[in-house]
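I am attaching a structure below and will ask some questions about it afterwards.
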Amino acid sequence: MKNRKLRMGMVGGGKDAFIGAVHRMAANLDGQIEIVCGAFSSNHEKCIETGKSIFIDENRCYPTFAEMMKQEAKLPTHIRMDFVAVVTPNHLHYLPAKLALEHGFPVIIDKPISYTTEETLQLKEIVEKTQLPLAVTFTYSGYPMVKQARTLVKQKDIGDITKIVVSFPQDWLTEKIEDTNQKQAAWRTDPLRSGKSGTYGDIGTHAAHLAEYISGLKITKVLSQLNKVVDGRPLDDDANVFLEFENGAKGILVASQICAGEENGFKINVFGNKGSVQWSQEDNNSLYVKWLNKPLQKYRSGTNNNYLSKEALAHLRIPSGHPEGYLEAFANIYRNFAEGIRAHKAKKPQNPILDYPSIDDGLHSMSLIDAVVSSTEKGNKWVTVAY
Amino acid sequence: MKNRKLRMGMVGGGKDAFIGAVHRMAANLDGQIEIVCGAFSSNHEKCIETGKSIFIDENRCYPTFAEMMKQEAKLPTHIRMDFVAVVTPNHLHYLPAKLALEHGFPVIIDKPISYTTEETLQLKEIVEKTQLPLAVTFTYSGYPMVKQARTLVKQKDIGDITKIVVSFPQDWLTEKIEDTNQKQAAWRTDPLRSGKSGTYGDIGTHAAHLAEYISGLKITKVLSQLNKVVDGRPLDDDANVFLEFENGAKGILVASQICAGEENGFKINVFGNKGSVQWSQEDNNSLYVKWLNKPLQKYRSGTNNNYLSKEALAHLRIPSGHPEGYLEAFANIYRNFAEGIRAHKAKKPQNPILDYPSIDDGLHSMSLIDAVVSSTEKGNKWVTVAY
Amino acid sequence: MKNRKLRMGMVGGGKDAFIGAVHRMAANLDGQIEIVCGAFSSNHEKCIETGKSIFIDENRCYPTFAEMMKQEAKLPTHIRMDFVAVVTPNHLHYLPAKLALEHGFPVIIDKPISYTTEETLQLKEIVEKTQLPLAVTFTYSGYPMVKQARTLVKQKDIGDITKIVVSFPQDWLTEKIEDTNQKQAAWRTDPLRSGKSGTYGDIGTHAAHLAEYISGLKITKVLSQLNKVVDGRPLDDDANVFLEFENGAKGILVASQICAGEENGFKINVFGNKGSVQWSQEDNNSLYVKWLNKPLQKYRSGTNNNYLSKEALAHLRIPSGHPEGYLEAFANIYRNFAEGIRAHKAKKPQNPILDYPSIDDGLHSMSLIDAVVSSTEKGNKWVTVAY
Amino acid sequence: MKNRKLRMGMVGGGKDAFIGAVHRMAANLDGQIEIVCGAFSSNHEKCIETGKSIFIDENRCYPTFAEMMKQEAKLPTHIRMDFVAVVTPNHLHYLPAKLALEHGFPVIIDKPISYTTEETLQLKEIVEKTQLPLAVTFTYSGYPMVKQARTLVKQKDIGDITKIVVSFPQDWLTEKIEDTNQKQAAWRTDPLRSGKSGTYGDIGTHAAHLAEYISGLKITKVLSQLNKVVDGRPLDDDANVFLEFENGAKGILVASQICAGEENGFKINVFGNKGSVQWSQEDNNSLYVKWLNKPLQKYRSGTNNNYLSKEALAHLRIPSGHPEGYLEAFANIYRNFAEGIRAHKAKKPQNPILDYPSIDDGLHSMSLIDAVVSSTEKGNKWVTVAY
C-alpha cells in the first residue's frame, strides 16, 4: 500500500451528534486518517451541511449509507474510502456495517456493536466470511494506564484475582430531558433505537468490557437489578449487577445515569490476593497500584516513564505531566484500527500490542445485555451469559 | 450532680486489644470522663497489668465483670463509677451490658450491640425497664461532616433520595492471619465469638448504619451475596448487598476485608434528584456536595466555618485546616453519651443535637445481619428486615 | 477564502524532537489544518524521512527553511502553504519567522518567541509592517479552565488581586543528561541555543505568562535567584523569583527542572480579597474557586456545563467527565490562530474570544527573561521590566 | 516516681482562647497527664470560670501565674503540679516560663518561644542552670508522617538535599478582623503582644522549623519580603522568603494569612538528587515519596504499617485508614514531653525517638524572625541568622 493517510467514510455524526465529532477528532489526531466522505444524516441537507463544515466535497456527502457504499466502491482505488465508521444510534449499526463489509470496507462501530444479539451473530458471520477488520469503540480500553493495569494483572503482580468492583455513575438523565429537545437523551431512552436496555446498554457495557479487559477474565453469570428511577421512562436508567467471573471471582457493577452531580465517574478496582489496581477515568493518567503491607504506588502516563509496560508506552504520545485524555484514548483505537487495516492490506499479522475491541467483544457485550435484562425480568435471579 | 468528670468502668480492652485503647482515648479527649476501674481481661494478671498501665488502682482491676458491677455498686457515690463501657468481642456484649444496667449503670457498647437479635431484644427490654442511657458506638456517625450531610439531606437540599451507594473495603483479612497469632482476626472470623456474620457484621453494619443515618431512611429489604473468599474461613469475609430503603430508593452496599491494598476506604454517596453528598472516611474533614448543573462544593470541617450546620459545629473542636480524625469522631460519641448521662442524672432531656446511636439502632442493625445472612442462605433472595 | 483546511509548513520538528510532534497533533486535532511541507531538519535526509512518516511529498521536504519560504511562495495559491510553524530551538526562531513574514506567511512560533529581546523587537517591527498574524505558543493559556479563571478574575468575583503564587517544578534535568545523548537537554542547557536563561527561559516564561494571563496584570519588577544546581551547567536549572505586578500585588514564581519526582507540576493560585482561584496543569479539567467563609467550588470542564463562561466553553470539545488535556489546549492555540488567519484573509476582525498569545506577549516575555537574569547578576536586586 | 498521671498547671488558655483548649485536649488524649491548676486569665473571675468548666478546684485557679508558681511549689509532692504549660500571647511567654523553671517546674511553651531573642537567650541560661526539661510546641513536627519524612531524608533515600519549598497559606486575616471583636486577631497583629513580626512570627516559624526538622539542615541566611497587605496593619500579614541552608541548598518559604480561601494549607517539598518527599498538613496521614524514573509511593500512617520507621510508628495510635489529625500530633509533643519529665525525675536519659522541640529550637526560631525582619528592613538583602 502506498504511503498515505487512510481514507474514512462516516455513517451518522450529523452536526448535533456528540459522538460523531468525537470519532472525527480521534481519527484526525495522529495524522493517519483523513475523512473523505459521509452519510452524516438521513436529512440530505443536513448531511451536506455537516460535510461542508469539515471540508468534504458535496458530491461525497451521500443521501444514504447504502448509496455511500455503492458509489464509493465504484471510485478508483486512489480516491475511494478505505474504511467506514458507524456512529449512528444502536438500531442503525448493523445494516451499514453489513453493507460496508459486503462492499469490501473494514468497519469501526460505536458500542454497543448492534441492536440485538441476533444481528450481531449475523455480523460475525459476515466478518468471518469477508475476513475484514472490524472494531468496536470500547473507548476506555484505549487508555494507556488501562493497558498498564492489564499488563500488571497478566503478570500476576497482584496475585490471583479475587474481586472486581466497577462503577460508572453519570447524572445526565437525572431529569426527564428526553421530553425536551435533547436528541441524545431521546434515542438513548427509546427502546426502538437503543435496544432492550438503556443505561446498562449505554455505559454498563463499557464497565463490563473494562472489567474483563483489565482482568483478562470473562463474566459468566450475572444477577441484576435494573431500575427505572425517573417516572415514565421505558428503559432502565440505573443498574446494579452482581458479577461472576470465569475463575469464580465475584464482582459488582454499578452503572447509573441518575446520579445527580456525577459526571462520568467511571472507576474500577481489580483486587488480587497480593495487591490491587485502581483506575478512574476522571484521573486517567494515573494508575494506583495498592499492595498488602507496602506503600501504594502511583504509575503515571508519559512516554518518558520507562518503568511502564510496552503496551502502555505504545499508546502514549507525550511526556509525563502533560495530561492526555479521552480523545487520545479514542484516537488509540483509531490508530490501532488503522494499523490493522494496513496490516490487512499488506497481508501481515497485526501487531498484538496495537489491539482493539473486536466482533467477539461486541458479541459478548450484547450477550451480557441479554443476561442482565433477563435477570431483572426473572426477579433478580442468576443468569448465565450465552456468548 | 456535682461539677466533675464522669467515672467510667471498662469491660474488656486488655493490653493487646485494638478497640479498648481507642475507647479510652475517645473518653479522655475532652476531659469529661476519667477511667476509674475495669475488668479488662478474663486473665486477672493481665487485667491488673492493663490497669496499671493506665494508672488505675489495683483493687479496682476486677477479675470478672460481674464482680466489677457488684463491687462498684457498693462503693460510695463520690467514688463509684458512673457508667460502663463494653469493648469485648461480640459474644460478650450482652451479659456485661445487662448486668451493668441491672446494677444501675448506663452502658456504652461497641458495635454490633450483641451476638444475636434475641439477646438484643432482651437488652431492649431491660433498657426500657431501667430507663438508663445506652449507646452503641457506630463511630462513623460521630464525624462532623457526616452530621453536615445528614442535615443537608434533611433539609431536602439535594431533593428526594433516589439512590445510595456505600462501600467499605479493607484488606486486613486478605491472608489467613487468624491462623497466626493475630487475636483480633481470630475472634472476628470465629462464629462462636462474632456471631453469624464476619465481615458484614463487623463493617457492613457500620456501612448500613451510616447510609441510614445520613439519608434518614431505614433499609427495609436486602438481597445479599456473602462470600468466603479465603479458603477455610467459616464466616463471610466479603459482602455485596442490594438495599431497598423505606421510600423505595435502591442502594448498594459493598463491604469486604479481602480487598488487598485498601485500608479503611469507607465511602458513601447519597443521591437525590437535585444533587448528592459524598463523604469518605479517609478524607473525613471534607463533604463533597455535588449538584446538577452547578459546580461541586466542598464543605470543610472547622469551628470557624459558620456556613456549617449547628449539628456539625457542635461536633467540632478546632478551626478549619486542622484535621480532626477517627478518635475525635469516637470522642463525639463519648462526649454526647456523657451529656446524656448528665441529663439523665439531672432528669433533663438530652440535647437532641448531641445524639448517639441507641438500643433501637443496635437492634435494627442486628436484624439487618439476620436478613443479610438469610438472603445468601436462601440463594440471593430478597429478605425483609424484621426490626 | 475557499472552504478548505489551512495548509501548514513546519520549520524544525525532526523525528526525535518532542515539540514538533506535539505541534502536528495540535494542528491535526480539529481538522482545520493540514501539514503540507516542512524544513524539518538541517539534515536533508532526516528531513525527508520525517516528511515521509507524515505522508508529505518528498519535493516539499525542503533542505532549508529559506528554500521552503522561497519555493512555497512561488507555488500556485491552491497548493501553497498558508502559514508557517517554527518549532526549532530558540536561536533558530527569529530568522525563519522573519523570512516567513517577509514572504507573506503568517507564523506561529514556539515559546519563548526568540533568542534575544533585540531580535524580538525587530520581529515586532516586521509584524507591524506586514500586519500578518503571529502567534506564540504559550500553551497553558489555551486550557479552558484557565480561560474560566481569567473571566472570574476579570469579573472581580474574587475581588482585588492581592497575591499570586505560581510554581512550575519538573525533574527532567535532575541529572546531567545533557552529557548523554538527550538532544532536548543538550540544547536547553546550552546558552548558544537557548539564550541567556535555561529553566527560567524554558518554563519560567510559561509561569509568568499564565500569572499575567489569568490576573490580567503585568509584572513590572522582579527580584530573582537563578541557581545552577547541577555542577557544570552553564545556565540556570532552578529559579526563584519575587514578582511585583502593576497594581502593586506581590507574587512568587518558582520554576525548577531539578525537582526530583516532579513531572510537570505547574500550579497557580491567584488571590483576591474575596476569594481565590487555583489551577493546576496535572488536574487541568478542574478549577478550584475558593472563598472566604463559603465552601470551595470546583468548576469542571465540559461542553454541557453551562455555568461556564463563554470563553471557557469556546475552548471545549467534549462533555464533562471526559478529560481533555495538553494536546487539546495546544490545539486551541492552533484553532484560534487558524481562525485568525481566516479572519485576516477575509479582512475581518478576529473573534476576541478566540485569542492567542501575540508578538507583544512574546516581547514582554523576553524582557522578563532579561530582568530575571539581570536581577541575579546584580546580587538579587529588584529590576524593572523594560517592555 | 510513683505510677501516676503527671499533673499540669496552665498559664493562659481562658475560655475564648483557641490554643488553650487545644493544649488541654492534647494533654488529655493519652491519659498520661491531668490538669490540676491554672492561671487561665488575668481576670480572676474568668480564670475561675474556665477552671470550673474543666473541673478544677476553685482554690487552684490562681489570680496570677506568679501566685500559681509560689503556691504550687508549697504544696506537698503528691498534690503539687509537675509541670507548667504556657499558652499566653507571645509577650507573656518569658516571665511565666522563667518563674516556672525557677520554682523547679519543667515548662512547655507555645511557639514562638518568646517575645524577643534577648528574652530567649536568658531563658536558655535558666534552662542550662536548672537542667529542667523545656519544650516548645512546634506542633507539626509531632506528625507521624513528618517523622517518616525525616527518617527517609536522614537515611539518604532521596539523596543529597538540593531544594526545599515550604508554604503556609491561611486566610483568616484577609479582612481586618482585628478591628472587630476577634481576640486572637487582635493580639496577633499587635507588635506589643506578638513581637516584631506578625504572620512570619506566627506561622512562618512553623514552616521554617518543619523544613529544618525534615531536612536535618539549618537555615543560615534569608532574603525576605514581608508585606502588609491589609491597610493599616502594623505587622506583616504576608511573607516571602528565600532561604539558604547550611549545605548550600536553596529554599523558598511562603507564609501568608491573607490568602482568601486557604485554610491551613501548610505543605512542604524537600528535594534530593534521587527523589523527594512531600507532606501536607491537610492530608497529614499520607507522605508522598517521589522518585526519578520510578512510580511515586504513598506512605500512610497506621500502627499496622510495618514498613514505617520506628520514629513514625512510635507516634501513631491507630491502624491505617483511621485518620489521626492535629490534636494527635499535638498530643505527641505532650506525650513525649511527659516521657521527658519522667526520665528527668528518674534521672534517666530521654528516649531519643520521643523527641520534642527544645530551647535551642526556640532560640533559633527567634533568631530567624530577627533575620527575616531585618532583611526586609534593609530592602530585601541577604541576612545571616545569628543563632
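Every chain is named by a letter (A, B, C and D) in the order it is written, and numbering of its residues begins at 1.
Criterion: a residue touches a chain if its C-beta (ideal position, glycine included) is under 8 Å from a C-beta of that chain, and two chains touch if they have at least 3 such contacts.
This is a predicted model, so every value here is computed, not measured.
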item	value
Centroid comparison with chain D (C-alpha atoms), farthest chain	A
A-D against A-B, pair bridged by the larger set of C-beta contacts	A-B
Chain centre separation (chain A, chain C; CA means) in Å	34
Intercentroid distance (Cα basis), chain B paired with chain A, Å	44
Whole-Å gap between the CA centroids of chain A and chain D	55
Numbers and ranges of chain B residues touching at least 2 other chains	262, 289, 296, 300
Chain A-facing residues of chain D, complex	289, 293-300, 305-307
Residues of chain A touching chain C in the complex	3-5, 18, 21-22, 24-25, 28-31, 35, 52, 54-55, 170, 172, 262-265, 281-282, 284-285, 300, 302, 304, 317-328
Contacting residues of chain C [partner chain D, same complex]	158-159, 162-163, 165, 167, 169, 171, 174-175, 223, 225, 227, 229, 238, 240, 242, 250, 252, 254, 256, 258-262, 269, 271-276, 289-292, 296, 380, 382
